[in-house]
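Take a look at the structure set out below.
Letters A, B, C, D, E and F mark the chains as written, and numbering starts fresh at 1 in each.
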Amino acid sequence: MSNMPWQDKPENCNDVMWRYSENPIIDRYAIPTSNSVFNSAVVPFKDGFAGVFRCDNKAVQMNIFAGFSKDGINWDIEHEPIQMKAGNTDMIQSDYKYDPRVVFIEDRYWITWCNGYHGPTIGIGYTFDFKEFFQCENAFLPFNRNGVLFPKKINGKYAMLSRPSDNGHTPFGDIYVSFSPDMKYWGEHRCVMKASNFADSAWQCTKIGAGPIPILTNEGWLMIYHGVINTCNGFRYAMGSALLEENEPDKVKYRTQPYLLGPAELYEQVGDVPNVVFPCAALHDTEEDKLAVYYGAADTVVALAFGKLSEVVEFTKNNSL
Amino acid sequence: MSNMPWQDKPENCNDVMWRYSENPIIDRYAIPTSNSVFNSAVVPFKDGFAGVFRCDNKAVQMNIFAGFSKDGINWDIEHEPIQMKAGNTDMIQSDYKYDPRVVFIEDRYWITWCNGYHGPTIGIGYTFDFKEFFQCENAFLPFNRNGVLFPKKINGKYAMLSRPSDNGHTPFGDIYVSFSPDMKYWGEHRCVMKASNFADSAWQCTKIGAGPIPILTNEGWLMIYHGVINTCNGFRYAMGSALLEENEPDKVKYRTQPYLLGPAELYEQVGDVPNVVFPCAALHDTEEDKLAVYYGAADTVVALAFGKLSEVVEFTKNNSL
Amino acid sequence: MSNMPWQDKPENCNDVMWRYSENPIIDRYAIPTSNSVFNSAVVPFKDGFAGVFRCDNKAVQMNIFAGFSKDGINWDIEHEPIQMKAGNTDMIQSDYKYDPRVVFIEDRYWITWCNGYHGPTIGIGYTFDFKEFFQCENAFLPFNRNGVLFPKKINGKYAMLSRPSDNGHTPFGDIYVSFSPDMKYWGEHRCVMKASNFADSAWQCTKIGAGPIPILTNEGWLMIYHGVINTCNGFRYAMGSALLEENEPDKVKYRTQPYLLGPAELYEQVGDVPNVVFPCAALHDTEEDKLAVYYGAADTVVALAFGKLSEVVEFTKNNSL
Amino acid sequence: MSNMPWQDKPENCNDVMWRYSENPIIDRYAIPTSNSVFNSAVVPFKDGFAGVFRCDNKAVQMNIFAGFSKDGINWDIEHEPIQMKAGNTDMIQSDYKYDPRVVFIEDRYWITWCNGYHGPTIGIGYTFDFKEFFQCENAFLPFNRNGVLFPKKINGKYAMLSRPSDNGHTPFGDIYVSFSPDMKYWGEHRCVMKASNFADSAWQCTKIGAGPIPILTNEGWLMIYHGVINTCNGFRYAMGSALLEENEPDKVKYRTQPYLLGPAELYEQVGDVPNVVFPCAALHDTEEDKLAVYYGAADTVVALAFGKLSEVVEFTKNNSL
Amino acid sequence: MSNMPWQDKPENCNDVMWRYSENPIIDRYAIPTSNSVFNSAVVPFKDGFAGVFRCDNKAVQMNIFAGFSKDGINWDIEHEPIQMKAGNTDMIQSDYKYDPRVVFIEDRYWITWCNGYHGPTIGIGYTFDFKEFFQCENAFLPFNRNGVLFPKKINGKYAMLSRPSDNGHTPFGDIYVSFSPDMKYWGEHRCVMKASNFADSAWQCTKIGAGPIPILTNEGWLMIYHGVINTCNGFRYAMGSALLEENEPDKVKYRTQPYLLGPAELYEQVGDVPNVVFPCAALHDTEEDKLAVYYGAADTVVALAFGKLSEVVEFTKNNSL
Amino acid sequence: MSNMPWQDKPENCNDVMWRYSENPIIDRYAIPTSNSVFNSAVVPFKDGFAGVFRCDNKAVQMNIFAGFSKDGINWDIEHEPIQMKAGNTDMIQSDYKYDPRVVFIEDRYWITWCNGYHGPTIGIGYTFDFKEFFQCENAFLPFNRNGVLFPKKINGKYAMLSRPSDNGHTPFGDIYVSFSPDMKYWGEHRCVMKASNFADSAWQCTKIGAGPIPILTNEGWLMIYHGVINTCNGFRYAMGSALLEENEPDKVKYRTQPYLLGPAELYEQVGDVPNVVFPCAALHDTEEDKLAVYYGAADTVVALAFGKLSEVVEFTKNNSL
């Protein structure tokens, strides 16, 4: 991937990941109707990149929009939200859509998102071209959030991470994996990992949820995730990583005790929801040892952070909870 | 079913359902270890009846026990809880089991219950003989309660009612139906019916959940369910009924605005959890027009109520919300 | 009032008020549709008595019903709820009605109740004959409960006690008085008395609300009211009394530190809402020195308690908070 | 109004309202004792402007202060709070005062505010000269906030918008209108509009409250109001607008689905209460088609926004919920 | 102790403890002012018994009263509450007193209770004759409840069990032990045992607290305690037992998984706070192998239960969590 | 103290305390592992200063670290947390440590902190050289925070301020003083001062807690403390002062109604917990009339404020609640 976004680590930086110097890359008013653009997903597409973006409008209605970019940094986002056609079902009710993820599997781009159907649950859709989109059966009953597909079948089945929730600002949340033979019926639900103890790793002690599509490394799946601590002034979201067994993704090999990146810049600390770093997508190039993570900042804008893939894996192994 | 339990309606009774005169039929200390026996399921079995009973022990641990009866009223309950073998999965984790339902489909007896797997969800098992039991995949992710199977496939698929929940004393709850081709993978989740508005029918305005196995009538599926109102002194559970379309069970044709039976006798009003009428099983004989509903009372004992099947159907149609 | 209900004090009773020996006087199933009959109001009418009764039906819908009695103990309650015609307004929306009070002023019987209009507030109506009823403007904005009229104008204005509330199981509540020149527009709102401190009188430390129509004595208005304590198992309602200045009813002269009557009989301790004694009406005969208080018990039935009017006044003065 | 504050729309601005370039116009330390100055009201007065300002002192006691300005931007605020004399009542108790509004009707300037009388309710006062102030009866029982008078009688009666509340950080809230023949007795309470559904317009889904005095346009009353969403990090306040029927102000003709202005500048996002845009007053000139809205920012300072009156009306019609 | 209360185990009883057949032994109206008498303490005294009784009056004010008995069953309780004189301090503030325990150590009877001093904490007092009482320094800062002294010094120091709390209906609570050289200054605080996991022993999963004075057996200290489960209808209190190391009472040797006695009789299930069994005192005779436990029932009356001391010890060992 | 940090008051400043112009003095990343450095304590030591610093690491684990400085502004903080040896006990369990205070008494430096022992309580330790540290018995049972020692014995006993708490984000909190003959056993607990009424001084109406070591002045002990108001967007912490009787420190002579310093700069308003000013230490020079207060800002960094000692005392007297 010769054109993936990249900046070398700043000289005085001792951290395993660092921010893009021109953050945020997408402003809250990136399209005419938007109040905020954040928690969005990107993938390589043709000779550039495509993405699915969460743009809340000025009525603070949540919806997802297609976008395209040559360099992964400067984006053209459609001004109209994605229109879904019937995929493997005619029941494509959707009161709202937010926090999308995108992944290419076999022959198409699959999209998952938090879908409003009597409360939040996991919506599934696909596209071949980011122009025509098809909506499938919801994966689960309400209430659920942060549904993230693995980028290939595991043991012959599709696999999805998710976080069972309630119908409010859920004050709990663990990561599960579920499987499907056909992207319509889901089962074999397994607990992957739980919020930590306060004393062990407080930044992730209230709830956790999967972020970008997991990346297969020679140490297993690298899963970047968000963790939440409930301070006396609300939830604070930071970013960590874990390594899961390749063929048994409910087995956690390592998981970072420290966070990789927490809210510390003004665009992460101030916004519609202060103190939020929420990763939703990643680009990587194993040969060049590059990792670029897209994250929503303060529920308001999109930002970008970089790391050496091998260093993130090593850090996860060496700082495991 | 010549031997199903029955008492004719008392002379001065104007209600559509009436209590068995010797209630409760099962005492809280029915087995040596029990603190309470309630919310239990029965089915015709051989020339009598078999059942699966919720017996909380004196440590208030929740588990399910097999039992047998000649007349459906006097029961011999095993002193040891059911031991599950691996069914369609090896993952048969179960931190606790409660509120079972039982139904015969095709060639075996299926059991569902509230299964402790990182919180409450719907456990599935089966038996051929009530001696050897096999546990299958949980139907759903946590959190869920009151999973109730339909007694035959609908459009070629197994169908299950359930109530998505949270991980505490859930203060909300609606009934959904889900489908499965194989009792392992579940999808096509549809909302069936919701807690009512306070002003329309307050006894069911906080949450509702399916009770016994639905009964097929010429007006569709008769679903007996519980409804809850949150009084200033806690939850009060009563029993109502609904009629669902035979082939589209997410379509509600009728649903009782009044309850059929509410806590009014001392054994329903006083106990470990006062003011609970919680139906879990029913026997019926369409030809003789008899219906017998087993319900847990005050989370402490098991009681029995009777009704004319046709009258319950008519009542549901004539008093619909 | 030669025919008001009465029983002399039992020999061994040292309390200032005592229960009717045949309590409860009205059963929960007093009319065919009722789930419970409680928190109801009575007045002398013609040569007997009339009343307005809260009968929740088996859908637990709350409504009010007219009733008649020769002796104040045996009641004929209409089977259909009161139908309101337009009184001083065409806006007679009423999502539900509960906890009525009745009083004769000048030329007609005025009724107040908790009226459902975007939440609970105080409904006002009147009748001349308990056959034809007219609904007026709500007295206040939501949220309010326990609106109780004084039985004559004070300083040329109608006067009403009430308890501002929230839209749930209000965990606070004080008594206010408001005035109106015309039963349509209300103002001059004054705080009368508040829930007590826990250490001073815990039975009334969570909230308080006026009960029957105040009775004019030579010590001012005798206001019987309910007080609530929030135990770890919910709200417990008991009955106390206060004496208010005749012409300035926001001035409290005396107020009982102990309760007059608390939940202690099974019909008060067990029911849809356990541990509730809720007074809503009183008959009295000053010459014969008799007082009879009607109260809802356990939100399920109606009961009756007696006292010597002069003794209740003395008790209030001698045991004042 | 030749001297009303104004700035033309910036070139690159596509929004219907825009901020004053020198915001905030009043600093938190504008008077020696103040911790914050915000949520304040202004009116044309003589050849300039007068205002009533909420200045919380450094004990965070809430009170209102008079102020004067030639240009509506630079203000001289008195260092002592307003002292009220008895108006149409001697009962002028006031534990605290906050969030004032001011309007000229007939012969005097009327002031409403959130008045502490056993909790928050709506205080009313008037002045002829902003030197001598008279306090009247509270309009309503507690608990209420955001009482806003219409600038002329409607159908011969004074009319007031308000928002019934609870006694804490009210997590609900709808707008009502009430009427009075005399500024003392209030009735004919009508629901005007409610918090929206989350899916329709989330920025106003938790609660809403009227802001400046409504402005009569040829499309009815233009009511600018605040709406609140409860994020996981607290309440976020933004500004919207609605058009009400001229003679039936409980009839909503249009209401903005998107907000007009939400917290996006640092002085709106950071302060004693982050993420608050709270409009309390407006100046307008119909002929020149100018609108200037004063709003509290982050419960800390006062800011100013502008719009073309006709464009705001058109926007409200064209983007109605 | 030849005259301690006793009844042999009923024939059909399989439990390790059984109720006195004439329960409750003390009625709620045992003294003229009382609303309820419960959670009280007794000790051998002269040729009979003395006690300290919690009698809430009809204002539901909490206080403690001395009482005397020849047989431990029929009690004469003083009509006036205990008046405390200054003991080892002049600071004997006490907003309220409840839940007393009594124990003889060395030369006097020590009393502990829940003392109102800016919230609940542990009050300490002593008496030589149950006529004259002396109040000492509170043992701890607020908030605390259920302070229970050991009946002799351990390693030369006084030792006290207690349960740190909050200032409401504390939804958590574990048992600690603390030490003092002089009954004035306390330290060396150690955690003894915690509320259990829900799945292991749900009856004690919300909170636990020490009950009677611990009894020294050849297996260590027998500590009878209460455990609480939070049902959807409130807290349910039952009684269990534990064995602690004689010289290191923070070491738990055994602890009952099942409860010894739970609410199952009407006087335990119905009252001011339903479903409460709350042990506060015990008499025992090691030679005769008798144990009598006094417990409050439903926060309303006092009841008595018996057991063989050796059997309770054995049961605790054989049914340990 | 010739070298204590100091800046004269800025010319335009009318406040009694003012900020250091180079705030914050310690950055969140001051040591390699830190996520934040705040709420820390300093004392004069040798020819400079020593300190104990709260550094949360990037797992958001809380611990305390020693540090040294020549000028009190530029600090060298150790990269490893303090290791405690056994002091007056072997029981030195500590799940976490935060919010330290340090004071020299007699022959050594005493350190108190919030110590994790089954929840937060007050840990005590000492050092002679800030290299070797010894941990003593916890002062109290859980739950407690903000334990602050007086700098000399009072009436021959050690004296400590503290704030009883619960085990979460405690929404209440008052200041108490306790005494000890030996730093091991504590008693004579007295209430010092409580959170204020909302109407009197809202900035301190939710909870209060002692800050730096009290300073003896000729008006008694100057206690600088934090006060909290619960806004709709969370807790806001500001700083006030009180004067306590020298020999009876539970007697409050004066207490500031206004705050001395509240969150108003970006580093106080934005950070991991916005809007926090939390004083933990002070240096003073009575002769030079200088006071320097160290405070945590936004739970993220350390800042410094100055005042004239005599002016702070005067201000406290002249602006007393």
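One rule holds in what follows: a residue touches a chain if its C-beta (ideal position, glycine included) is under 8 Å from a C-beta of that chain, and two chains touch if they have at least 3 such contacts.
None of the values given here were measured: they were computed from a predicted structure.
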item: Shared interface partners, meaning chains that touch subunit A and subunit F; value: D
item: Distance between chain centroids, defined by C-alpha means - subunit C, subunit D (Å); value: 40
item: Gap in Å, rounded to a whole number, between the CA centres of subunit E and subunit D; value: 58
item: Interchain centroid distance [CA atoms averaged], subunit C/subunit F, Å; value: 54
item: Interface hub residues of subunit A, defined as touching at least two other chains; value: 233-234, 270, 274-275
item: Topology of the chain contact graph, where touching chains are joined (line, ring, star, complete, other); value: other
item: Those chain pairs that satisfy the touch definition; value: A-B, A-D, A-F, B-C, B-E, C-D, C-E, D-F, E-F
item: Parts of subunit A lying in touch with subunit F, wherever the complex brings them together; value: 14, 198-203, 229-234, 236, 257-259, 262-264, 266, 269-270, 274-275, 321
item: Footprint of subunit F on subunit E - complex, ascending; value: 89, 91, 117-119, 121, 137-144, 162, 164, 166-167, 172, 174, 176, 178-182, 184-191, 194
item: Complex contacts: residues of subunit E adjacent to subunit C; value: 28, 32-33, 35, 56-62, 95-96, 116, 169, 233-235, 270-275, 299
